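Both complexes below contain chain A, partnered by chain B and then by chain C.
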Partner chain A sequence: MRKAQVNWEKRILKSLNSMCTELGIPLARKRPVPEQNELTNKWNEMGTDEPDLSKFRPVYAPKDFLEVFVGLKNPNNERSEDLTVRSHWGLIQVSLNGRDIPQMREMYPELGLTYGQLGIDDHTHVPPDLFESEHIHIGKKVVSEQDSAAAQQYSRQGCPTGLRAQLWSLILNTTNDPEAITHYEQLKARVIHHDLLVDNLIYKDVKLTASNDDYYFVFEDYLYQVLLCFSRDTAVLEHFNYNCASPPKSCMQSKSGSEQCAVVYPPNGVIPFHGFSMYVAPLCFLYNEPSKLYSVFREMYIRYFFRLHSVSSHPSGIVSLCLQFERLLQTHLPQLFYHLREIGAQPLRIAFKWIVRAFSGYLSTDQLLLLWDRILGYDSLEIVAVLAAAVFAFRAENLMEVTSLASAEAVLADLSTLKVMPLLQIFLFATSV
Partner chain B sequence: MSAKAVSCTIKSPVALQIGDAVSDSSRPGVYITDITLAEPVNIQEISFKNYYTAYVTVRLQRRQGGSAKWVTCLRNYCLMSNPHAEAGSHDYFSIYRHQMLTEPDSVTTVRLILRQPSSEWLNFSIEEINIYPCAKEDSERDVPAWISTLTPVEEPLDLNGLPDPETVSSSIQQMWALTEIMQASQTAASIGRFDVDGSYDVKLLSYT
Partner chain C sequence: MSKNKQTAGHKGAYSSQKKKEGEGRSCIRYRCGLTNTIQDVLNQRPGWVEVKDDGDWDFNWCDVGWLRENFDHSYMEEHVRISHFRNHYELTRKNLMVKNLKRYRKTLEREAGRLEASKCDFFPCTFVLPSEYHIFVEEFKRSPGSTWIMKPVARSQGKGIFLFRKLKDIIDWRKDGTRSEEQKDEAQVESYVAQRYIENPYLIAGRKFDLRVYVLVTSYIPLKAWLYRDGFARFSNTRFSLSSIDDQYVHLTNVAVQKTSPDYDPEKGCKWQMQQLRRYLTAKHGFETVQTLYKEIDNIFIRSLLSVQKTIINDKHCFELYGYDILLDQDLKPWLIEVNASPSLTASSQEDYDLKYRLLEDTLHIVDMEDRLTGKEKRVGGFDLMWNDGPVHTDVGLETLGSSCLVANTHLGCVNDRQKQLQQLLKPFPGQKRT
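Coming up: the complex of A and B.
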């Protein structure tokens, strides 16, 4: 798997280099002073600036990444070509450990039918005295005690909208003290001083994804402010200590011209791909100060989101999540899986884009935030794979009637009306095993 | 802690299976590897790298008096918690003396019985086997020559106009105390500069 990651990184570097040479734009340069002043003035409304982005294309899209996993094969693995009951019907052919439903019931007891949940028991027809008011009361206590571990345990049953911002920053241990604000201002200064090619990729990504989304287009300016600063934050490099990926490097002549030094490009080592800005967009609903928004996003990235776009065997890594999704589907919905396979619509090809973005941009925002509450509460992305399987279970009847990949995608195109918590609860606790 | 590994000959693994090894199409689930030691050793540690072996049993042949006896010192030690999954398949393991059922003293041969019940894998084995003997209490290592030539008695130093060592060392100690205070009061935040001397003109990325 390490080889696959290294090859994948080489492909990305080649793509970026060729874009750079084709367009004749340097990967990084210092901004001339008039341009710096202009950017400082326009900092809060960068969305109005429309640079010519037509020649830029995203470095890669999630479906390119999926092809890397599909090709992952262990030479020591016995894989016959026949489709038997024992073989794995899905695309991922790596034998990683995964949990089945009985084990997940033990892992996620707070999602059970006997526990109150925000997302189910706060519905208008349920009297608030049953669960909601007590839960909010406990939440207020947790926030006033500033107890991070309690906040994590609490968010397993959902965070009330009014307390979510504080609870998440408690769990992620981000503060808005002067040090954090100064750090953000420093990053902003670096954005103004240096211009990176990666900035154009970010512009393009925001314009293509968040700006076209009904829920997130209002936050366009915030997204630029966060993502441009994120690219220049060298503190992010520390996460490569536990990430199997490595940051891209380049050789540079020092100013004296005497020696070559290796620098990391971009400074944070992360090359954004198509859809990257969707990791930030939902957070804009919670935080309106750019420095706070930035700290929370950075912490979420270095804890969770980086696993969604690097090849590793970690249980929360994207390969394990995809395998988990396929296994759950094959075990509990075998007829559906077989039918979809036969019509050439491998389920992972449809679900991959949901998993890689942790459902951002596919669910409605309040439902997405309830899902991300549980990601933080259980400190794992496994719940994303479970939800993907639960969505297929929910639409199983319609899917059994389709006859092509395109119609299968049409059935699953619109998830904005789905309620996340009932789906998860039914799939985990009401499926017969 | 561990001295150099003892030299040993590792024989090629022998498969145990029912039927003819050549014509039978099913793969073996048990391999046996013998390791012969040049002379009887008290084993401290056996270390190896796994390659898809699920369980290992270790048997020792000990030479006691004139006779050689086989004992089992580790039975079905689990290397892969789920034989069908990748976890533990490439890990490094060490088996220590205190984990063994019997004392691994005067060992002449070590027999490793490898089992992999899962049909997922085409091959399995263990690699890079090293056996470490117990460190001897009465070490016969030579005392390095410079230890024996240390001056046993402090002779009065000939200063030749240099300042008194006692005063110099006390002032150095004060300076050291100051630097410790400075280090302790530094913030944990890094400066995080990514440019080199103010310039960050990157032309192309390098593939290494």
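Coming up: the complex of A and C.
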């Protein structure tokens, strides 16, 4: 696993460096003062800028990343080409531990049929007395007592729209104290003083993804304000202590020209890829002070999102999630899996993009936030893999009738009408095992 | 209405198809003056047939021009319906609306006191020009540095609108110095209104937006009005700032104006569904605050309709679907910008088309040419009955309410599960099996 990650990092860095040489743009440069002033004035409306981004390409897209671990195989395992009941039919050929449904029922009891849920029991025809009013009442208490652990437990049944922002802050332990604000202001100053090559990648990503989204286009300016600062935040480097990835390094010419030393580039060690801005976009619904939005995003990144794009064996890591997804599908929908495999539509090839983004941009915003409530509540991304399988289960009938990868993609192209909690509940608690 | 000499082409249905007792009509003949979404809705409605120029019609979705020329010469049988009130402009022309609202407010103050009258303070300070020019100048001088907006009374889609801060700007305008060629060509002197510009609009991510809400009125005396759950927020494509009042793209949020903005990207779309907006505001401000806001918005509809109740010529043949434009300020106070008698039914995207389709379909359900309603309904599809000669309340079980407070029957920006509701409510069309 480590080797794969190292190789992958080398590839990305090489791609970044070659783009840099090709375009003749330095990885970093100090901005001349007039440019600094201009940026300061335009800070709140960077979206109005139309820089020429045509020559920039995203460093990588999710599907490139998928190829990295599709090829992973444990050299110790016996490999046979036969497709048997015991072999794994999916793309991931690494054997990592994963939970099966009975185990997950024990892990996620609060999603069960006997518990009330936001996303199910707040539906229009259900009288609010049965669950919703009481749940909101408890939520208010949790917020007023500023109890972080209670907030996390509470979030498992969903956060009411009016309380979500405060509850997530509590769970993530982000405050808007002067220290956090100062830190953000410092980052902003760094953005003003130096221009980084990755800034262009960020601009391009925002323009290509969030700006074209029906819900998120409004927040374009916030996304720049968060992501540009994020790239310069060296505090993010701390997460590499528990991430098997290592930050990319680049050589910096010292002033005398004789020495070279390796520095982390970009300063936060994270090279953005195509779709990265979608990690931030849903949060704009909850927070509109930039420093607050920034703190919450950074915390979400260093706790969860980074695992979605580094190769590791962690149970919340992307490889485990993919494997989990495939296993669930193979165990509980074997006919479907077999059929899709036969027509050349490996399920993971379709589901991967959902998993990498934790469904951001694929579900409608309110449903996405309900899903992320549970990620925070259970402190794990596993639920994302379960949802991916549940979506396939939901559309199984249609999928059984398709005869090509393209038609399978079409059946699963639009998830904006899905209601995540009923899907999860049915998959976890109403599937026969 | 008295019967006038019939001119060919302006007949309502003389109708050899007399309605049988208890049975709806089997075939409804309609006229439609527009070529957008409404055409599709009428076309696809079972049992409805289009008639061309000279034929008799049972239903007419007309434009206001046609109405002006033909309404007075048309005889309409009892069952016939037409999509406008004869003098709708009392509500929809800016100068008349101001006049009616001011008069209503005065009456209210006299009869019910200051507090009640203050519920009409949802309209920014407005003066009709040139008639009220002098009192306008007085008010203008009383608030130096404020920004005003000049709007022609009868134009739409943002045409002819400009902002100003100095009297000099409109003195010049008055002397015809800066009017565009187009405006100089106007034969008669066109009325304008000068309105206090709302300088602190509520912004989302730095952008200004306004709300388009749909209200259906089926009768003025007694007043019966329905509110549609769907609607949308229209965003300005550029970031809001008071420093450039010449940039009309910043300040005007009509889609028609936005389409010509250099930033405009049709793929981007600049609308949010009402549900999306309501969720966003709830996430930011909490449930109770937003609940209050929407109650205040309801108040705007009701008061504005009451203010013209006695002026509009009530006619049982008429119904009207209004498009209300509402603006929120930073204190989350809603303001009425204007009321449109012919809200655009052209769709800017698939989503928009679906919304307008549903809206029009439900409008036709309420007009009920097929005679399937009892008249006691409080909800039809996406429409909730907002006012029926008095406020309308939801049927909430008494056990769930601690006190005896009544809940208004409006759900703007709430879930619109109209399909299910319609299935339970309506009998299938004649000749159609229930699906």
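In this text, the second predicted complex is superposed on the first by the 424 of 433 C-alpha atoms of A that agree within 3 Å, B and C clash if a C-alpha of one lies under 4 Å from a C-alpha of the other, contacts with A are read in each partner's own complex, and residues count from 1 in each chain.
We adopt the following convention: a residue touches a chain if its C-beta (ideal position, glycine included) is under 8 Å from a C-beta of that chain, and two chains touch if they have at least 3 such contacts.
The structure presented is a predicted model; accordingly, all values stated were derived computationally and were not measured.
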item: First, second, both or neither for A:D414, with chain B first and chain C second; value: neither
item: Partner chain in contact with A:E397 - chain B first, chain C second, else both or neither; value: neither
item: Touching partner for A:D221 - first (chain B), second (chain C), both, neither; value: second
item: Touched partner set for A:E106, first chain B, second chain C, both or neither; value: neither
item: Chain A residues touched by each partner, larger count belonging to chain B or chain C; value: B
item: Touching partner for A:L16 - first (chain B), second (chain C), both, neither; value: first
item: Chain B versus chain C as contact partner of A:D177, first or second or both or neither; value: neither
item: Touched partner set for A:C284, first chain B, second chain C, both or neither; value: second
item: Which superposed partner A:D233 touches (first chain B, second chain C, both, neither); value: first
item: Overlap of the chain B and chain C footprints on chain A, listed as residue numbers; value: none
item: For the chain A and chain C complex, residues of the former touching the latter; value: 44-45, 47-48, 124, 127-129, 136, 160-165, 211-212, 214-215, 217-222, 284-286, 288, 365-366
item: Parts of chain B lying in touch with chain A, wherever the complex brings them together; value: 51-52, 81-82, 84-87, 119-124, 187, 189-190, 192-208
item: Complex contacts: residues of chain C adjacent to chain A; value: 204-207, 235, 238-239, 263, 267-270, 272, 276, 279-280, 282-287, 290, 351, 397, 400, 414-415, 417
item: Of all residues in chain A, those that touch chain B in their complex; value: 10, 13-14, 16-17, 20-21, 26-30, 74-78, 94-98, 179, 183, 186, 190, 194, 232-235, 248-252, 254-256, 261-265, 267, 313
